[in-house]
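The following block contains the structure, expressed as structure tokens.
Going by the order they are written in, the chains are A, B, C and D; count residues from 1 in each one.
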């Protein structure tokens, strides 16, 4: 791990710099090919080992017949946060089963924040909870179950590291 | 209900023509303001009392970092089918809780079919199962829980029908 | 599989006699050590490849503070039916994730029937739905996700069969 | 609320004494008729507003065909903790939908601890998470959805209050 990165993450607290750096490289790698998240206008606010915080604005094309945020897009944001969190260890990990509870409607034009955190990681199976909120209001609670299916998807570490 | 519509749905089998007609009017009404489904390119293949069959092609902007259909879009299709099925009785009904199991990856360019059917409808609570498939392969299984929250959202029946 | 068993299951319809016989041997083997199901008074009404139908009476010690069947016992019956269905292929298979929706209360002294059927079986992962009913009323709907973890748990077939 | 109770709960921290006292009276009331929990040998370790911690030993009659704790009994403990947590506000509240993920097997004779906490409480709908552990190991994660259906189930407050 290079010294400059170590400095950058000095404030990461409980996390070893290595784990934080892996989470950031994982997010960067995923993002580079994640056309869906890019097209949705998802913004990655933070990633860490087992965690991710993302934002997305409810666009005009994301509302349903009841004129509130279509559940599919709320789910898509949560699922994306889940993906970044469960892949943050650098191993290829996929969603196996997800559940979402819709608590309050999301408004057109509102900015949704999704915070994913690791609840359990045992063997190849993980559980991640994602809270989706808009301002002070919780919009939905999501729980994702992941399955690690293979080796590292990270590119080889750059030279001199 | 006018005679012409009755004739149109003569083959609806077990369903009373009224229920089938209500399901079709409900779908039409929902669709007219469902910008999300329209933008996703969702196609409504069939609706009935408690059921709906929809299709969607996995577009280039619907793939994720593993280069397969982003779970959010598979969910969005399933959730849309669920919405049309649970609103097919003409009462304002919303999704409360949904779970999806991803079984096989969806391919870019593939055409997904979502078939929603009513499993339970007791009081204001309903359960709907949606199978998402691509050709002969099942891609995902979805179970949605709905809550009926209000009166009819159907426009008054047009005159002379 | 010996000819006598083939004859016994001649009426199994769509199922190959071998598969039906395996399901029955699997159920017998599981049951012999399933102290929980025995203590709950569970009765196995039928098993088949991917399916199982069980019954249980809501005993006096199975009611909760609202004086209806404790959800834990309704779940236990459903989970048992799920176990017999997902182990019916003779491979060691365990429950990974289960969800249950409580639709109507179960009555003290009522006889609950749980019907499990296979929804999906892909690789090592399976989905099984279980409907729990009492007479004409549906009490709960259960969906179980299984994971096959090892080889056969069936005893070697007896000689001369 | 009487002064003696206030003293007893002086250490309740962030919780108003009233809320803590209501939670304790709710637990006492539920327990008095909760034959299922009593028969299972459930022990109530703590209750608070929106929370409950319970214990149960995996008895000889709680093991399944794989000789580990039957999922139904793990669920029953979690579901009971959920019930005490979601009824802790003193309003009649029932389980609508529950999901459980089995992470590690429970051992015969092991003491399981279930800790329930409130994740969301909006209108009549609540979400409660329950972690079931044995020593340092997490055995299962449970998420319950509740529905408040009526008024208070608490007995009238004692005199002089």
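Simple rule for what comes next: a residue touches a chain if its C-beta (ideal position, glycine included) is under 8 Å from a C-beta of that chain, and two chains touch if they have at least 3 such contacts.
If you're wondering where the values come from, they're calculated on a predicted model, not measured in any experiment.
S.K.: Are the interface residues of chain C and chain D largely the same numbers on each copy, more than half shared, or largely different?
M.R.: same
S.K.: By the contact definition above, name the pair with the higher C-beta contact count: B-D or A-D.
M.R.: Result: the pair with more contacts is A-D.
S.K.: Please report how many Å separate the Cα centroid of chain A from that of chain D, as a whole number.
M.R.: Here the centre of chain D sits 31 Å away from the centre of chain A.
S.K.: Suppose each chain is reduced to the average of its Cα coordinates; what separation in Å results between chain C and chain D?
M.R.: 28
S.K.: How many Å are there between the centre of chain B and the centre of chain D, using C-alpha atoms for each centre?
M.R.: About 37 Å separates the centre of chain B from that of chain D.
S.K.: What positions in chain B touch 2 or more of the other chains?
M.R.: Expected reply: 96-97, 99, 101, 125, 145.
S.K.: In graph terms, with chains as vertices and touches as edges, which category applies: line, ring, star, complete, or other?
M.R.: Contact map by chain: complete.
S.K.: Using the touch definition from the top, list the residues of chain B that touch chain A in their complex.
M.R.: 29-40, 60-67, 70-73, 75-77, 79-80, 83, 87, 92, 94-102
S.K.: Applying the document's contact rule, which stretches of chain C touch chain A when the two form their complex?
M.R.: Against chain A, chain C makes touches at 96-97, 99, 125, 145.
S.K.: Help me check something: in the complex, which residues belonging to chain A touch chain D?
M.R.: Touching chain D: residues 99, 101, 103-104, 119-120, 122, 125, 127, 129, 138, 141, 143, 145 of chain A.
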